[in-house]
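Multiple structures are listed underneath, in structure tokens.
Two complexes, one shared chain (chain A), two partners (chain B, chain C).
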Partner chain A sequence: MLLRWFIVLFVCCALPWSALAATEIEISSPGEQSIPLALTEFLPSEGVPSAQISGELNEVLVADLDLSGLFRFVDPGAFLDDAKLIGLYSTQVNFPQWRMLGSETLIKGTYSLQGEKLIVEARLFDVVNRRLLTGRRYVGEPKDVRRMAHAFADLVLKELTGEEGPFSARIAYISDKSGDKELWLMDVDGKRPVRLTNHRSIVLNPDFSPRGKEILFTSYRANNPDLYRKEIYSGKEAKVSYKQGLNVAGRMAPSEREIALTLSKDGNPEIYLIGTSGQVRKRITDNWGIDSDPSWSPDGSRLAFVSNRQGNPHVFIADIFSGKTERLTTRGKYNATPAWGPKGERIAFTRQEGGRFDVYTIKIDGTDERRLTFGPGNSEHPRWSPDGRFIIYSSDKGGNRVIYVMRADGTGSRRLTTLESDSRHPAWSPRW
Partner chain B sequence: MSVAPLRQSNAFHSDPKFGRLLLVSLIVHGLIWVAFSFDLFGTNTRPKPPIYYVDLIHKPVLNPQAGRPDPRPAKKPQAAPVKPTAQTVTPAVPKPEVKPAVKPQVKPATVAKPKPVTKPIVKADTRKDQKVQSALDEIRERQARKDAREAMKDKIAKLAASTSVAATVPADVPVGSLDGSGDEVGSAHVDFVRTVIQENWVLSPYLIDQARIADIEAKATLVYSAAGKLMSFRINAPSGNQQFDDSLKRAITKSEQLPQPLPQDLELVVTFNLKDIAAARR
Partner chain C sequence: MKTVQTLKLVLIVLFLFSGLVGCAKPVTEDQAPVTQADMSQQQEAKGVDDKSMQGEAVPSHDQMAGMERIYFDFDQFTLSSEARQILSANAKYLNTMGDVNVVIEGHCDERGSDEYNLALGESRALAAKSYLVSLGVSAKRLSVISYGEEKPLVDASNEEAWAQNRRAEFKSVN
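Right, the complex of A and B next:
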């Protein structure tokens, strides 16, 4: 009896609340796809203010973060008084002021120059939730200021995307700036170029080892295209493969135990696997056509390469364990220089159409082919950044062949090397 | 040890007074609830002013040019109603009356030969014209009445047609939509809140693993007061992607105060995903 009354009571109480049932809605795209970011000028915390240091820090950060395509910068002309105040802690930042400017994220920082010692402190704040997202203190010399800014840009991307940026890495390329085609190294924004070889002949096809300590390249130093390896920090250099004929396009396996390359020791160029000391371990291809330009899949189980075994040059994928080979590209008359993306999903390559080369990407199942470069000139030798967000390539659209970088969807293309010299065969190093 | 309290409780429930008291209490509470929910005291007799939410940016507008000021069509309708009164009163009579008074005085001074010739002709014609004019006026008047009747009929027919269309429109179509019924019942306050949250949601699709874009999804419950203030929120089902979930928290925090009040408290379960972006990329 009592239970019945309780049920009646419960129903009576529940009836009015049923009118406040939750309404369900769906939001299937964000209102804005770029994060509003306010990047303030780095201020001197102590010592002498240096316009050069603060300028370089801002310049590098703006260039790197703008290239990422993730941000929309708040106009510095609209900044209010909080931009002129040092704020390394969330309690020191006037967040409402930044929110009023429409910013969601804020970068603030300081530097202090004490003799030859430079200390840079940088912070990334979440303006909406009024909290510190990340921050770092860098200590070095004034010449390291660009590296510090690149490192913080990587950190910003890591905090906001979950994956570190590739801006602290470096790019190897071939340039004739010194008169001969030599191996050079530069920052990802094209600054601080350094020559690594002095072969005074022709150097080709550089590629980094997966850990970034060595570079493989081909050189005609001994009047034959031989494969060399070079330690970046010590500068030590050694021949890896110097068989008769071609020893080109060497690519180190993700395990760093083997090198895939093209050898023509038997007359016809074929893909081989050799050990790091140069001995042949396995022949991957064996047919009448020319097989070249191998590129490892990230898991090290497959190789993408170019072959004209079915007529025109096309990209093929070979399983190195089973030997099974499948054709990837079907369109175009000339497809070349495949580069397997670090995520393993897409392969970048070049295709000649209308008498000129352009960069394309394609899924590894042969679907979703996308053309990334347009306009005049030849765009060749595409290579991925270690995070797969960017692609570097060489192009002669401006006259001389120079290195360009763009986002993986083909947007945001910008030139890295100067037009005065010929630069080609870029390779993006792993993160250092 | 455990038997004694059990006995006590049985003795308590067997008390007949308890049942009566409980019954009386329930009846009293029930009456209070009925009185308030059916408004027997007449406290809520004053109707609330209707609130309409119209999204002028994202919702289609039936006739976007309707609000544009245009002087020409505005003048015409004013002139139209005046005409019939002018026609009925327009006796050309005053003209001939004025003319003879003025003209003879002027004539000798100006010595205008044709004028005296015209005067008698005008006088003779005006009488005939008056009759013709009045006849014409009558005809015009009849025609005008006829036209008005026909216009009225057309109007009624159009109204009938529009009401029949409105009857086919579902009752819950929101105001601001093309087929909106225009009453408060259908006001799109939920759409309004949805638009505010979406506008405040900032997320680059490059933040998300590209393979997951089609599948990533999170659910959040938001409770707004009638004043449009966010009372509470919680992420019921996070996506598992830190950046995605953080962007939602930022969007919700930015939407803590709506620019307009709501008709009542509102509890929303919002599903956030990137299906539109994934579809656009396919």
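Right, the complex of A and C next:
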């Protein structure tokens, strides 16, 4: 009886609050609107204070959230005393102080470093409605600190836009840092590079399996450009296709049951579908010219690819069931490297114009073409982030070819790999 | 009677109490869920341990003495008249070297898509091969490989270097 009364009273009192809490911050797409955000330094809750831990958390969050294009950072120099106070709950935050600084959102957090154990608590607050939007507690070791910050940046984007960020993913790429072109993997901010192959030959053109457990790539290790697959976690590696001639540009279908690739076994580079153990299932193209570099539509029904069947290299789209093929690009004399966006609506590609290559996107019906890069140097090999917010590509404007990232509208471009060695063929993994 | 009074009192107290809880800011009762993520449970990529892995450098063949390279125009794999002349001389030479097998390497300059250039290099090597076959060289003696833009002859970014790099080379494999 008492309990029932208690519940009724509690519900009566709590209702207006949950109604208020349902106010949403509305955001459409990156770059269109910017939310004022105060990002405070993470404070030690217990254990040893570490400038390195708080510094890395801050560095990663600033970089990821800035790249998102969603935010305008409130100048940390203007922060008042609440920035120095721990606030993991909305009752502990002095919201009027943050409102006064013009902020609408606030990130606060703590870390606790005890021996080899690191616990990070991160919170996102809605300053206008004075409430906690989301938070997470990350448990790990000091070496996990950057991953914790990337994961929280992903969560912040999810909370504010409904779609998770891609910052916890990885980028596979080819680098000659070890002396030969080998396969490498790095964080999406270019940090923590790890070499994955030791072929001492030429390794090219990596692409992730749709579930992100494997990487397909081509290697000349056995004196022929053969297609390999590699399990990322175990390091296990196997040849998939090793027919005489080209076995290149392998791209796993969204179903992971087939691989589209270029083979030249019939005396001319053509696109085929093979099973995951290498047997040819279907030939997609058949003409005198070059057909290469397939990219799957997200639903797995079509392939964008490059062909010079009408004279110059252009991007075409083939329906893999009917075989019906249509030309996508009409302008320019050299269009290549199509990358079908994860939302299915746009395809990124490169075009040579005035002796230089730049990155473009186009709708799959051939309309609304947009140029994203404007030199200097060549910008090539675009690939999308899994959420379609960003595009990675290679640019040689600094001498060596190195990897850059930008927003899908071409803004916010920044370099990810060092200028000292050649890095190319980036591919953004699915969510890790 | 006493029980009723006590109940009333309890209810009033409860009402006031829950009113405080509900109408003041909730104390540590934020509605957004705060979950925990265990980062040490996540798998990491297996990198190369340089000491344990013994890769072998892939042997490269030498350009055959007596066989000249041929060159191509940008984004083309058709044979120029000059290239045909060189191939005729190469065919004659090959026909005097009855047991030598040859790999024809197709190369491109650095401009353009790497993937497309792999195909273009292949087409260049194949064009050279079929011309040699048409001149009487046994197809069994000829294999092709494309290196795309991966093995430039001249490592520079200018017209002259690019012209040198768009080529097919002929190397003995015996």
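Convention: the second predicted complex is superposed on the first by the 400 of 432 C-alpha atoms of A that agree within 3 Å, B and C clash if a C-alpha of one lies under 4 Å from a C-alpha of the other, contacts with A are read in each partner's own complex, and residues count from 1 in each chain.
The criterion applied here is as follows: a residue touches a chain if its C-beta (ideal position, glycine included) is under 8 Å from a C-beta of that chain, and two chains touch if they have at least 3 such contacts.
The structure displayed is predicted, hence computed values, not measured ones.
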Touching A:V128 in the superposition: chain B (first), chain C (second), both, neither? first
Should A:E104 be classified as contacting the first partner (chain B), the second (chain C), both, or neither? first
Once chain A of both complexes is superposed, is A:R389 in touch with chain B (first), chain C (second), both, or neither? first
Return the chain, chain B or chain C, that is in touch with more residues of chain A. C
Shared chain A contacts, counted only where both chain B and chain C touch the same residue: 2, 5, 9, 12, 21
Where on chain B does chain A make contact in their complex? 13, 19, 22-23, 26, 29-30, 33, 37, 190, 193-194, 197-207, 210-211, 221, 241-243, 246-247, 249-251, 253-254, 265-277
Listed in rising order, chain A residues that touch chain B in their complex are 1-2, 5, 8-9, 12, 16, 20-36, 68-70, 104, 126, 128-129, 160-162, 343, 345, 389
The answer for chain C against chain A in the complex is residues 7, 10-11, 14-15, 18-19, 21-23, 25-28, 30-40, 42-48, 50, 53, 55-59, 75, 77, 111-116, 118-120, 122-123, 126, 143-148, 150-151
Would you tell me which residues of chain A are touching chain C in their complex? 2, 5-6, 9-10, 12-14, 17-18, 21, 89-91, 121, 123, 130-141, 144, 147-148, 151, 170, 180-182, 185, 194-202, 204-205, 218, 220-221, 223-225, 232-235, 244-246, 248-249, 262, 264, 267-269, 290-293, 306, 308, 312-313, 334, 336-337, 350, 352, 357, 378, 380-381, 424-425, 432
